[in-house]
Amino acid sequence: MKTNKRLIPGFGISMGVTLALLSIMVLIPLASLVVFTAKMDLSDIIKVITRPRVVASFEVSLLTSFIASVINAVMGVILAWVLVRYDFPGKRILDGMIELPFALPTAVAGISLTSLYADTGWIGGLFADMGIKIAYTRVGITIALIFIGIPFVVRTVQPVLEKIDPLYEEAAGILGASRTRIFRKVILPELRPAIFTGFGLAFGRCLGEYGSVVFIAGNQPYETEITPLIIMSELQEYDYPSATAIALVMLAAAFLILFLVNLIQIGNSKILKGGH
Amino acid sequence: MKGTIFKTAAASLALITTLFAATSCANASATNETTAGTSAPEAGKHYSIINVSYDPTRELYAAYNEAFKKHWESEHDSTVEITQSHGGSGKQALEVANGNPADVVTLALEYDVKAVQDAGLIEPGWVSEFPLDSSPYTSTIVFLVRKGNPKNILDWGDLARDDVGIITPNPKTSGGARWNHLSAWAWAQKEYNNDETKITDYIKKLYANVLVLDSGARGATNSFVENKQGDVLLAWENEAFLSLKEYPDDYEIVTPSISILAQPSVAIVDKVVDKNGTREVATEYLNYLYSEEAQRIAGQNFYRPSNEKVLSEFKDTFDLNINLVTINDFGGWDEAFAKHFADGGLFDQIYEQD
Amino acid sequence: MTAENTEKTSPVISREGSTDIHAKTAGSKAVKIILITVSVLFLFVMLVMPLITVIYEAFRKGLVPYLEAISDPDTMSALLLTLEATVIAVVINTVFGLFAAWTISKFRFHGKKVLVTLIDLPVTVSPIIAGLIFVLTFGRQSVLYPFLESIDFMVVYAVPGIILATVFVTFPFISREILPVLDAQGTDEEEAAALMGAKGLTIFRKITLPHIKWALMYGIVLCAARAMGEFGAVSVLSGHLRGKTVTLPLQVEILFGDNKFMPAFAVSSILVVLAVVILIVRSIVEYIGKRRGEK
């Protein structure tokens, strides 16, 4: 193993460019956040992040992001399945649409989702008749987050599903396994890392989402106030230390989620390779 | 191997820097003509100043900038261009303090201008640099209700009723909302003879009725007007009039028995004008706000002109008999802020006990 | 027809064989119809309806006000700035993506997982924090500020800051697309070439690039799409100087705040059209890529 470690030339150059760009674009700016927070006492930081209103916003953010990501995980698998395994008119359009939440500015998404789901909107009106309020509640936040997170699970599951060797399914089919059993025992285990990866990415993205949520949230403290909004309001109160302390917590959460995702993904890429 | 990593790292660093320098040079060249040179206006010069303001003044300054441009160019042999920036007052102040190169700030409250002063950009004493505490126009807080006032909301007391849904922005993030909060407080102080427990109870009931707590005044207006939330919007008088102008058949304004005199503040950002050589044009820009022409523009945009003569021209628009308290009744902004809006202050306590 | 997709990716299976599989695994017609209906409904409600809302509101007052709204000079300068930031972000991230994916997939070294995580971090960092960190790094509070001021180089509340924020939020997009392909491809071919004495660049051009060509294009398209739409981070860094540091998404926000709803939706519709065009390009790229891959 050791011998082919550096068999391919160009390690120095490519590592150098990678690290340089990573440092300028990501590490140095992020470090400034850490440096800034380091000026505070630990007890002050803890005091800031355990303020009831801040804790409540963590709850709101975590809960809505979690529900939205779970829904996206389920829908993502269904969508990926439909896109990979079925053929029907308009499939290409459906496939092309998945990235729309990436391409559509979050502010535009927020504004149009709000006008759609408010009691006066096309969809919100239907639910208002049943006495269900969507916009300006946690349900509204969840909807905005579902919108934001759609592409993640679909796009991580899709390639794996495409690569899964149908031979296994065929074999299982020949052996008389039922379709649900094939899905549960043969396909799902293969997809699991991809689903978790997509879920993790969507979850991380949802936690930090701001643009689309502020319009639809209602921003009631303890009820519908998300953590990014708290950071924004600390900034507007010239309270940089508080803002950065809360930001640091979110940053740590983001890093943790991603690290877990990447651990899973390494398992995932083994599956992709194994399929070859 | 390590050596190569560092060399290429350095090389790509240089590359990036050049790339950014190139883009910024392209942008800098456009403003160079104004930044070079001294403070005295020169013939044929082109001035470019930035006015960082708060949300509801968008229409006001769109109109005023036209008028000022005409005024300046008729008296000087140079041209002037004004770039506007609008947003929540607190956020705007913070951005200027952090380096947004504003030549003048025209913000919602003195407290926000003071934040820019604290950053060392505005010299102390700016309050008396222009007439009337550097506050060329004023406003107040009124109620905007749906046509016919179906919930019969007449004064601050009605806002604590169980059947009323209120829209107001968040005092933590919005300058306007701070005025709202203090107005309600002022009414309750009078109503309950300064009994703090009763006042706090009232304020608590009021916030319990709030349906949407937007982060800015414009967001709140949109929730009430466009998305039809709530029964009453606590709004800047000028914002309320603007909504009324847009939808005359849908809304009406209720003036409460007591409200607060909101004094938006203007100031020159000394550090920036000295660097850009724009002090003279910036000073004239703010001075001209007190001219009759500008005062009339303020009135037309539903700000109360500070010039008595022009104000009287608008006596049919504004309720001039409203009982107005001022921020000084709260001991000034520093004290009011510390008591009501700081972390752990009254506003936080109200929500905590829920 | 159902076989088309699996066939592309698993050339081992013969056409008849894979059709057979799908008869079994794809399930009965009923399941197929239910799943497709659920998918279509979900995407319709979540994605198409908001788009329809934008277009509907944009044209509510007719074509002439619409054209007036989008030909406003501020909107035009916002469009130019958006395009400038997008192009630069794509260039920087392409360079980075190629080098990073190559480094990670072709070499073994310590801390690889940490490196991958750090590269991905911008996707999950809240846009607000992304803006905040650049303000802290280059703003007045920063130790760099006196130096930047002395060379008259404004970063925050100026165009470079907007570009930085845009690069940041799209940072991993291209490397993320290339990496799985390179990973799956392994290092055998490159190693063989290296043993035969090929230079690094030659190996990359002749062996690696053809493999990742389509993933790269796909990444570029995604990066461009996301770069154009970035709102939160740019909003913190922009200062909202009209006609100077306002991008299209910010212009939407400004118009919305100005109570100019129709123009706000009209400008949004530009972004919607750009997004749709980009996604169509992407689908074409992907389609061609797959067809080429098949042959």
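A, B and C label the chains in the order they appear, each numbered from 1.
To be clear about the criterion, a residue touches a chain if its C-beta (ideal position, glycine included) is under 8 Å from a C-beta of that chain, and two chains touch if they have at least 3 such contacts.
Bear in mind the structure is a predicted one, so any value in this text is a computation, not a measurement.
Between A-B and A-C, more contacting C-beta pairs join the chains of A-C. On a Cα centroid basis, the chain most remote from subunit A in this structure is B. Chain geometry summary: the mean Cα position of subunit A and that of subunit B are 36 Å apart.
Centre-to-centre spacing of subunit A and subunit C amounts to 15 Å, using the average Cα coordinate of each chain.
Shown for subunit A are the residues in touch with two or more other chains, namely 6, 11, 13, 15, 17, 21, 115, 232, 235. Residue positions 16, 97, 219, 226 of subunit B each touch two or more of the other chains. The multi-chain contact residues of subunit C, meaning those touching 2 or more other chains, are 92, 141, 164, 256. Across the interface of their complex, subunit A is touched by residues 1-13, 16, 88, 90-91, 93-94, 97, 115, 170, 172-173, 210-215, 219, 223, 226-229, 341-344, 348, 351-352, 354 of subunit B. Residues 84, 88, 92, 135, 139-141, 145, 152-160, 163-164, 239-244, 254, 256-259, 261 of subunit C are the ones that touch subunit B when the two sit in their complex. Note for the complex: subunit A touches subunit C at residues 1, 4-11, 13-15, 17-18, 21-22, 25-30, 32-33, 36, 75, 78-79, 81-88, 90, 92, 94-109, 111-113, 115-116, 121-123, 143, 146-147, 150, 159, 162-163, 165-167, 169-170, 173, 179, 182-183, 187, 201, 204-205, 207-211, 227-228, 231-232, 235, 240, 243-244, 247, 250-251, 254-255, 257-259, 261-263, 266, 269, 272-273, 275-276.
Put simply, subunit B touches subunit C in their complex at residues 16, 19-21, 23-24, 27-28, 35, 50, 52, 55, 58-59, 83-87, 95, 97-101, 119, 216, 218-219, 221-222, 226, 242, 246.
By the touch criterion given at the top, residues 6, 11-13, 15-17, 19-21, 23-24, 51-53, 114-115, 118-120, 135-136, 214-215, 218-222, 225, 229, 232-233, 235-239, 242 of subunit A touch subunit B in their complex.
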